[in-house]
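Heads up, there are several structures right after this.
Consider the two complexes below, in which chain A is the common component and chain B and chain C are the respective partners.
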Partner chain A sequence: MSEPKPRPMLVIGAGIAGITAALEAAEAGREVVLVEREASVGGRVLRTHHYFPKLCPPSCGMEINTRRLERNPRITVLTATTVAGANRTTGGWSVTLNHAPAYVNSRCTACGECQAVCPAKVADPFNLGMCQVPAIRLPHPNAWPKRFVLDRSACPADCRACVDACRYGAIDLAATPTTSTLEVSAIVVATGWQPYPLDKLPELGGGVLSDVISNVQMERLAAASGPTGGKILRPSDGKAPTRVAFVQCAGSRDVNHLPYCSGVCCLASLKQAMYVKEQLPEAEVTIYYIDRRTPGRNEDFLLKAAGMAGVRLVKGKVGKVVQGENSQLALTVEDAEAGQLLHDRADLVVLATGMMPNLATIPLPLELCRDTDAFVLDDSKGRIFAAGVARRPEDVAATVRDATGAAAKALAAGRGV
Partner chain B sequence: MAATSVLLPSADLRQELTRRGAGDVGKCYQCATCSSVCELAPTQSPFPRRQMLLAQWGLLDRLAADPAVWLCHQCNDCTVRCPRDAKPGDVLQAVRSLVIEKLAFPAFLGRFVAKARATWPLLLGLPLLFWVALLGLTGHLGVPADLQAGWAYEQLVPHVFIYGVFFPVAGWVLLASVVSGRRFWKLLGSGGQRTGSFVGALAPALGEIAVHRRFGRCGAAKPRQLGHLTLLWGFVGAAVTSGLLIVGMYIQHLAMPLPLSHPYKILGNVSGALLVVGGAMLVGNRLGDRKASGTSSAFDSFFLGVVVLVIATGMTVELARLADAASFALTIYVVHLGAVMTLFLTFPYSKFAHMLYRTLAMVHARLSGVDSPR
Partner chain C sequence: MERIGTFICTGCGIGEALDVEALAGVARELQCATCTTHPALCSPEGVALVREAVAAGTIDGALLVACSPRAKMAEFTFDADKVAVERVAVREQVVWSHPPKDEDTQMLAEDLLRMGHTRLAKTQFPKPFAETIERTVLVVGGGLAGMEAARAAAALGHPVVVVEATSALGGALAASRDALPEAPPFDSLHPNRIRDLVEEVSHHPAIRVVTNARLTRIAGQPGQFSVDVQTDTGAESFTVGAIVQATGARPYDAGKLAHLGYGQHPDVITSQQLEAMLASGTLRRPSDGQLPSRIAFVQCAGSRDPEHLPYCSAECCGTTLRQVAAIHRDFPSVETAVVYRDMRTPGQLERFYAAVQNHPKSFFTRGEVAAVGGNGRLSLTLKDSLLGNNVALEADLVVLAVGMVPNAADGEAIRALHDAQRRAQTGESETQREEARKLAEKLAAHEGTEILNLVYRQGPDLPALKYGFPDSHFICFPYETRRTGIYAAGAVHAPMDAAQAAEDGWGAAMKAVQCIEAISRGEAVHPRSGDRGIPDFFLQRCTQCKRCTEECPFGTLNEDEKGTPQLNPLRCRRCGICMGACPERIISFPDYSVDAVASMIKAMSVPEEFEEKPRILALMCENDALPALDAAALARKPWNPWVRVIPIRCLGSTNIVWIAEALSRGIDGVILIGCKYGDDYQCHYVRGSELAHTRLSNVQETLTRLALEPERIRVVELAHDEFDRIPQLFDEFASTLEELGPNPLKGF
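The block that comes next holds the complex of A and B.
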């Protein structure tokens, strides 16, 4: 007698955590529905220039993952989809999904004719709003599914330029949102993170001074698909900086902001110091830190970056960043090892902001067990398991291991139903 | 032989700090945000990050010799921004009270006032009892039957009593302050080379105090600066008035009480008004935003309480005389004399001593060059 076929597993969020959990569960034999809020998969990892541990561009690793998603018949990927509601059933969950209007459907070939005629411009969400893009566009060069998106709210009244330009009939300006329901055995929450908002750090110039940027913005500045085509330039005047300052723990390990350590910002800043030195060998880079948290093999990376000529590490958290003379920024910090105040200058200040779980600001209609910082805890009884930064701040490698574990737990919880 | 430095950690310091409202000192993780946001920290020897570490390590002897402890005005910019809520402003405030106790002469009086939470009834009660006894034994606890309207306080309490008590008290307080001040000056000298004359540095330091230049740079506790400055000038005005009254009585032979229009009286009343306004501002500040104003320990509250009592009874005494309520006036006057005596006697041991120590620290900072302007 064969066991009844288990219901599929739902994975919420198709960043590196959700993709990994979905692939692991599917490759173990389970049907998986992977839902993603955005129009394409890849999440935050795709927004980095290079990532750890090998410092390669994320596109190649993500291409392997999307190939695996494509080829696996047990995985259904639903992009532009959010969870609207969920009810606990004896066998798991009954989930309602919202599908955003498909203004551009699967007939799209990404030829770009529509983009060429689109008159409307919007702030590019993929580039964190650092540049303008047409309202209809490919979300980013590595988008999967490779399909254009349309920001309908930006369309001028009665404009049909893109519809007229499209030779494939892929654009429907009258598309409406739809809903569907789904019976699932267990849920993996892989909803990821967002950077801690810069404008909560005005004392460090965040949201006040245009040459004070966040570490995630620095990734975009260094990336070829970024707003500057990969050139590290000051947002204010478009000039290459000669002095770059990294402010560690900006809004992290701080009871007034995020009380925890995100665990990745030290390495991210060391990595970004290398971006700067590779492009601008003459630039002076200073990293102001409380502690240099580079556990395990990452210690080697710290020593390598710290040993580079023109890279200085100063123990002391920056307390103030204000506009200085000659269009430079003025930083105040105590060099705690020397016991002296430094009044340093920089052309560009990068705030190493931490990771805040998306669930801290974006509600998910699920009864979740969460800690005081809005990170999700596993709920075996409720058959909800967390993966990646939805569970705790961690790097890509840890996220992949973590997501594999979450898939295993969700598989076990949904077995025999 | 290389110079060695000896660390003398005190295991009790943490408990002492906790008792004085600075129990969060252990939360500090030395990020140095505090030093970088402090508007008063000198570039070459910033505070309070280093002092937080010394406090965690129990090195009270180092803290006692550190001018930074007194250059701090508890603006609380550090406390507001501290990512660990370790409240450096409160810690330095508690350290100051410990230093006052440590350097007190005689030591037992320092301990006695340091325990104001328990000893305040005695600190206030004993001087009051003294006046009641003195006046009672000399038959001055009642209003004379022949008191005419327009009476002066000398007809209730002869001036000889005031002089007989307060001149020796002042002398004693001066002696105790000189001993403690010398101890402190020696400790400061052990930490840094001084060049220049004391008086030459004292004058600009007093100039700074006169306008509260440092205090004015405070961020979070800026409202306290105005209250403190008002109170300071109220006390200065009251002291000058007292001196002028002695001149008026014994050289100019003026009849007491002076009319309200007399310049000395005007100065006295303006000073009184400054005291009332300044005192109210400081009390209001304490009752407001706790993080910006700091934690009030019993040590702080005792001093502020005595100051408020002196001001309140002082003003009431004048009003009672103007209202010709002699019996009520005498009662309040006795309380006033007791409170003033408490204020005087506890000067070297209470928070009042910050006047002595902070001034010396500011002079030292000038002479040792640690306090270069930012």
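The block that comes next holds the complex of A and C.
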């Protein structure tokens, strides 16, 4: 009699943390199930134009990672899947999974004929709602699995245009949600983060003024696959800005918002200042900060950005952003050093909002140890381990290290099961 | 492969755009075992056709003329021991990017089919792999990161040996009483649990600890490293499968910080000296033995400073906060003042910073310390501070939060030093000897710095990236050092604090265990994880030129006394850079070789009439450039129909014979598209695209001598997301070639 197959490790969330945890365990010969609520993997990193400090595209590393996912026989990737429930068992967990209706199934070739005939438009979730896309579409150019998705809620009544256009029988408008159960040895929670909502910062113009955007929106503006084809333009009038202001700690290190530091926003703003200067060399960029947090070798990046002509770093806390004259925005800044208020104006204001764990707003039916900000703490006895920003705010490099370690902890806890 | 089945998909517009019958005719001329068309080859029915042919033994090679190898991979994966698969991307590279029912489009598709067929015909199955693999993990360094790595590897079922240079485990944090908070509410000190860790590691049945030990030699390859250790009681040798280097960091030499008063005033000390006092429960000014009434902490002492350590050590702000909190707890009368440039307390450490800041005896100010002076009580002159410019801050004791220097050695620099020392003696001319002497002087600081003592041709330690930290793709793949099976952890890996170092130990152990498991299965590790092909060296024809041994980014090859390469296949990452380097073309992989690509170039049809049909060969990196090409096709961006693309593993695997072959065949130009290189390199094999640029500029010189225009070769850097540049790149190159006119060798 052959030995029973060992129970897999479950990884929840297929952003860079979850993908890393899953791959590192599977390449060590262990069985892994990786679940992702979106239709394709990659999470937040693929919505980032370039990484600091190399200014390289995240899709480059993701190319290697998706190839590793594809070729590894020990990983099962379940997209459009969420965890519906989990019960402790003697050997780990019994998990119930919800699978969203597969309106587009694996017969899809990504040929695009359905998209050409689709009459409905939806706000593009990949581009953070900054543009409209057909209800049926490839989520983004590097989507993996390379399969179209359909926002069924946007379909006009009785419309079957896509079904009729598809030659491969890949579309089933009557698809229903399904559930499945799974016995797993241990769980890695890699549920990631969401940007702190702009509309919680109305005093800074967030959600009120159209030319006040968040740092994650700036990433999309700079990306060729973004709403403007990679051009940094003001949302209000589509013009290129000549003065850009970055507001650091917007809703961070603030007891009324996120009390902690997200650890990445300083570097993100410095990087985005470079995006602006690369496209618009004449633009004036000011970064208002409390502390310049560029740890480790990223100090070089701070010096590089701060040394660029037309880039200023000013220690001061921006208190107010309002509509000013000549369709510009007016900023009021507390200059702690001079003990006075400064006034500045800008065409575009970027709020460096922090990272809030997804678990702060999205429930996960799992007994988790969490801190008051909804970051997950390791639970060795419970065989649940956190990776990436589900665990603490951190950058991609730290997330990858962290997720590799989390894979080891989960495998160690689940051994012999 | 001998029995090739060609399967042509007519879906996704292929059937409408191409004369599929004519395409099938080309396959039949190539004497395929079978040639089948299907309206949707990736459908279960289409895949079944291939599967049945494999099961029946009709074919051992499947030529899938359909979509990109990056699409539908799950569907088109078959038993790799029974069938090799070659994908011809007519969907992306022909149908989506060129006008339908066009003569040039059809010629392109037929060429790609011929080229794919040729590659498949040259592909061999990987040879069965049988090596004895040792499962033990060696951990170098018994500090926090090393002990956590040891625990982790043991918990994953592997025996562990920890080699520690000092007499005891514990490392830099062994004596500390307190640790930073790691759990809610993150506002007070936690006990330092390192003593429990020392206990656990010391008594763990799967972990053996060797103290007072020095590594004198590590030879071999992953799975088979033979390790020699010297201790104060003798020498011992053992075998390990993989290595975690957790040698930690040491404080920057405060003796170099005289401008901050160190060595000038007895009451200026380092955070390490303060740590020792706090551990012993005493707090005394060195000058008079009195309890100080106010202590000033100077952050970034010698850090973020081009004269000293240019980087931020990422742990000193946390250490100072921990010490300030301990002082307020243990010595309630003492005031503390922290002078910082930027307080760096990421994540929940911000809460601890807020709590420490709120203590009534605590004071923080931004500022730069210009001078530390005074007799008796010290006075710090602060520039650019929140208090004003050039203000004085008085203190009885000054603590310098000095940065950390990795306990690392730069293997490549050590090798360069030794080479220079040798050349300084044996150089052929006085000029050469003089140059070598100068280089040796420049590298003198590396003398005697060896830690691992690897018997590697490229040097005895990990290659460094910057400031002594090991080279890796530190964003996406931070553990992937350039020595397979050797992983850095903790403060030697990158600047980090204690909590991160502990986690890093687990991560590095995961990689060490993974490496052992992967090579036990006969598979490569990152980035070609799962690849079972091993390079073959036909050494009878080797001329000992040493290019392969020098250029391998992973130090795979050693040399014998004559300079003949000695292959260590378990170190190999399968990039093919050695294959590109070899002038004798004696290096090949079962599924990737100089001959295979040269034969693909031969398989291209080259019309003799240039005016109508010039030809361009594009060698494109499969990791970044090829995905960009796919993205351009997905966006239906048309490109020049004269271009024929051959995907290659890495631009560094380009052998110049391919260029020679292309030009002698009458191909009008060759464009090579690879990853960005330089300090912020994107090449997954670190040096591949850079090496290709160097080699190709040499070739361009050769062309000039042969009266061929060097412009016929172009090398381009392209990032993964720059798909929108591709049509323009091809068009610009094509118009350059038009200006040059036909390749004069055409038709010969």
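The rule is short, and it goes like this: the second predicted complex is superposed on the first by the 407 of 417 C-alpha atoms of A that agree within 3 Å, B and C clash if a C-alpha of one lies under 4 Å from a C-alpha of the other, contacts with A are read in each partner's own complex, and residues count from 1 in each chain.
FYI, contacts are C-beta pairs under 8 Å (C-beta built on N, C-alpha and C of every residue); 3 or more make two chains touch, one makes a residue touch a chain.
Source: prediction; values computed, not measured.
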Message: Once the two complexes are aligned on chain A, which partner has more residues of chain A within touching range, chain B or chain C?
response: C
Query: Can A:C111 be said to touch chain B (first), chain C (second), both, or neither?
result: second
Query: What is the contact status of A:D237 with respect to chain B (first) and chain C (second): first, second, both, or neither?
result: neither
- request: Could you tell me if A:D164 is touching chain B, chain C, both of them or neither one (first, second, both, neither)?
  value: neither
Which of chain B and chain C A:R253 touches, first, second, both or neither: both
Query: Thinking of the overlay built on chain A, is A:E278 touched by chain B (first), by chain C (second), by both, or by neither?
result: neither
- prompt: Touching A:E367, do we find chain B (first), chain C (second), both, or neither?
  reply: neither
- request: Determine, under the contact definition given at the top, whether A:I64 touches first (chain B), second (chain C), both, or neither.
  value: second
Message: For A:A336 in the superposed arrangement: first (chain B), second (chain C), both or neither?
response: both
Query: For A:V318, is the partner it touches chain B (first), chain C (second), both, or none of the two (neither)?
result: first
Chain A positions touched by chain B in one structure and by chain C in the second: 253, 315, 336
Field: chain C partner contacts - residues on chain A that touch it in the complex
entry: 23-25, 27-29, 49, 51, 53-61, 63-65, 67-68, 70-72, 106-107, 109-111, 138, 141-142, 146, 167-169, 223-225, 230, 253, 259-263, 291-300, 315, 336-337, 371-373, 375, 377, 392-394, 396-398, 400-402, 404-409, 411-412, 415
Chain A contact footprint on chain C (complex, rising order): 11-13, 39-40, 42-44, 67, 70-75, 77, 152, 155-157, 183-186, 304, 310-314, 342-351, 354, 366, 386, 466-467, 469, 473-479, 494-496, 500, 503-511, 513-514, 517-518, 521, 525-527, 529-530, 623-624, 627, 631, 634-635, 675-676, 680, 682, 684, 719-724
Task: Write out the stretch or stretches of chain A touching chain B in their complex.
output: 203, 249, 253-257, 290, 315-320, 332-334, 336, 339-341, 343
Statement: Within their complex, chain B touches chain A through residues 29-37, 41-46, 49-50, 81-85, 374
